[in-house]
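Just passing along the structure, written as structure tokens.
Letters are used for the chains, namely A, B and C, taken in the order the chains are written, and counting of residues starts over at 1 for each.
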Amino acid sequence: MARRYDSRTTIFSPEGRLYQIEYAMEAISHAGTVLGVLAKDGVVLAAEKKVTGKLLDLSSAKDGGYGGSGEKIYLLNSNVIGGVAGLTADANSLINFARTAAQRHLLTYNEDIPVELLAQRLCDMKQGYTQFGGLRPFGVSLLYAGYDPHYHFQLYHSDPSGNYSGWKATCIGANNGTAQSLLKQEYKDDIEVKDAIGLVLRTMSKTMDSTTLGSEKLEFAVLTLDEVTKQPKAKIYKPAEINALLLAEGLMKKDEDTEMKAA
Amino acid sequence: MSLMEYNGGSVVAMVGKDCVAIASDLRLGNQALGISSNFQKIFPITDRIYLGLPGLATDVTTLRERFRFRVNMYTIKEEREIEPETFAHLVSSTLYEHRFGPYFVEPVMAGLSKTPSGSVKPFIAATDLIGCLNFAKDFVVAGTASAKLYGVAEGLWEPDLEAEDLFETISQTLLNAVDRDAYSGWGCVVHVITKDKVVTRTLKGRMD
Amino acid sequence: METSFAITGKGYVIVAADTTSARSIVKMKIDEDKIKTLSPHLLMAYSGEPGDTIQFAEYVERNIRLYQIRNLYPLRPSAAASWIRRALAESLRSRKPYSVNLLLGGYDTASHDPHLYWIDYLGTMTAVPFAAHGYGSYFALSLLDRYHNPEATLEEGLATLKRCIDEVAKRLVVSPGKYKVKVVDQDGIREVEL
């Protein structure tokens, strides 16, 4: 009988639940982990890539555009980086929506979209799919790392139901419970970006299923303020830069070290 | 009264040796009355392309915002910066969309395009208010002082000028042309685009 | 005839507009307030075609207020100015354009500096240190070229404004009688008596 309430997102079950939304969230909790930490002078984002294979052609990602391999971490606007967990196809559609919304704000107000407003724009759409017309909700949670002159650096999370919330440090995807309790223990209110990078990478290495931490499994991004222009500067790391960072933080496996030297 | 002369203003772009320059005045007027001496009509499109929009000031602002929107969406989706030739056609088609109720501007653009060998090729172009492209090899002019700019540029410009000499040539061309035009002047801004940097200088001009 | 001025100084913007409401050659009212408070730190002086002015000013006022209610903080002066400019630019190419000229003075609480924008009915917008609309602009702008000081205190700024008003009263045949003067700074908006 319960199945009668599964087929439509728009129908409550007798216990007052929307099963499709809960299933969407369940799907996300199996996706690659995305982790964000808000620091005093920036925001740090890291993501675990699940699907990798030797035959997957990553050549475009190696030297493409603004960095990153375009799977988990995306530039949403010049002042916001987004990290996604869930169905990749749904995520692509949401990212496209976010980028258009941000550019539309720039067009009408001649200023970068405030971070919370961008999160709201996406949540308005996500909420719509929980209510109208027998459609499937977006199977995607997002982290937004951004900067605006109103509240400076910010970190938001949004889920398939269209709820969003601001965080000092949070995590979505597989093992998010473990990561969140680790972050709760280690987070300090006046943390700086350089320490936040270490915190993110250490938490990531403890929560990830795989034993090795390297650019083929990890995406990484930092949002800071440019020292000269005082404008937000989004840096999405390229694979080589991630390896260099892991090496510097001493988180790369020994055998990988020798591989790097050999290569 | 023509809408092209309502606010005043002029732009010129020139080709040099592996470099280009684009310059404009800074006046915004209400016919003969000067309103602002810091009205920018040249906008950076990418690190290597600049666009000058002389003409009706309301359309200058509107088009600047529209081109920024289009180029930003292009950059983020293509994951690369737009090439000057491509951008020129974007400008042209945007203006032609309004063929029978045009934006009153005459865009001038300058940039460096990439060659397959990895070096750069200077690029300048201008269009009329409905988007007819003019790919010149030497210099392009537009605005209320365009007739005067043609004269001075014809006399001063020579092929293969180095960046510093090109700066001097374009500055003298603009400064002297706008001094003969009542609707342009009140200071100038000059951008010289080379392979590894863009040098922007603001020039003092006669304030009459 | 209608005249409005605005002057920036150290941490403030003064906006002044005449208070006459005229139809043809007849003064209908002499205490009309033509400066709207759009948000806690934003002033807008409007002039132009009667009817259009009030209609457009209220349209702007309500939309700026709506943004503030929806987003918990008001638009910054530059963003508000861009939105208003776009509204006029779109109206220009509509069947019946608004014929309204504006001076927009605001204090940006995020970057802590005063902003002044000159906007006309075509949708022309420029940020300026001082501005004027109407016949008074022909006298006031040249006077402000000589006497304006961006570092002036409020008292000095008001004295400069007084010079403009006196000059217009002295030389303009159709000079307005009274002005309303408002100031916006860090503490918000208040009306001042000259």
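Assume a residue touches a chain if its C-beta (ideal position, glycine included) is under 8 Å from a C-beta of that chain, and two chains touch if they have at least 3 such contacts.
The chain list, named the UniProt way, goes like this: A = Proteasome subunit alpha type; B, C = Proteasome subunit beta.
Worth saying up front: this structure is predicted, and the values here are computed from it rather than measured.
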Going by C-alpha centres, which chain is most central here?
B
Per Cα centroids, the chain farthest from chain B (Proteasome subunit beta)
A
For the pair chain A (Proteasome subunit alpha type) and chain C (Proteasome subunit beta), the C-alpha centroid-to-centroid distance in angstrom is 45
Report the inter-chain centroid distance for chain B (Proteasome subunit beta) and chain C (Proteasome subunit beta) in whole angstrom, where each centroid is the mean of the CA atoms.
32
Taking the mean of the CA coordinates per chain, how far is chain A (Proteasome subunit alpha type) from chain B (Proteasome subunit beta) in Å?
40
Check: chain B (Proteasome subunit beta) positions touching at least 2 other chains come out as 65
Multi-partner residues in chain C (Proteasome subunit beta) (2 or more other chains touched) are 86
Shared interface positions of chain A (Proteasome subunit alpha type), touching two or more other chains
110
Note which residues of chain A (Proteasome subunit alpha type) are touching chain C (Proteasome subunit beta) in the complex, please.
108-111, 114, 116-117, 149-150
Please give the residue numbers of chain B (Proteasome subunit beta) that touch chain A (Proteasome subunit alpha type) in the complex, ascending.
65-66, 68-69, 72-73, 75-80
Quick one: in the complex, what on chain C (Proteasome subunit beta) touches chain B (Proteasome subunit beta)?
85-86, 88-89, 92-93, 118, 120, 122-128, 131, 137-138, 141
Of all residues in chain C (Proteasome subunit beta), which touch chain A (Proteasome subunit alpha type) in the complex?
71, 73, 75-76, 78-79, 82-83, 86, 110-111
Quick check: in the complex, which residue numbers of chain A (Proteasome subunit alpha type) touch chain B (Proteasome subunit beta)?
64-66, 70, 75, 99-100, 103-104, 106-107, 110
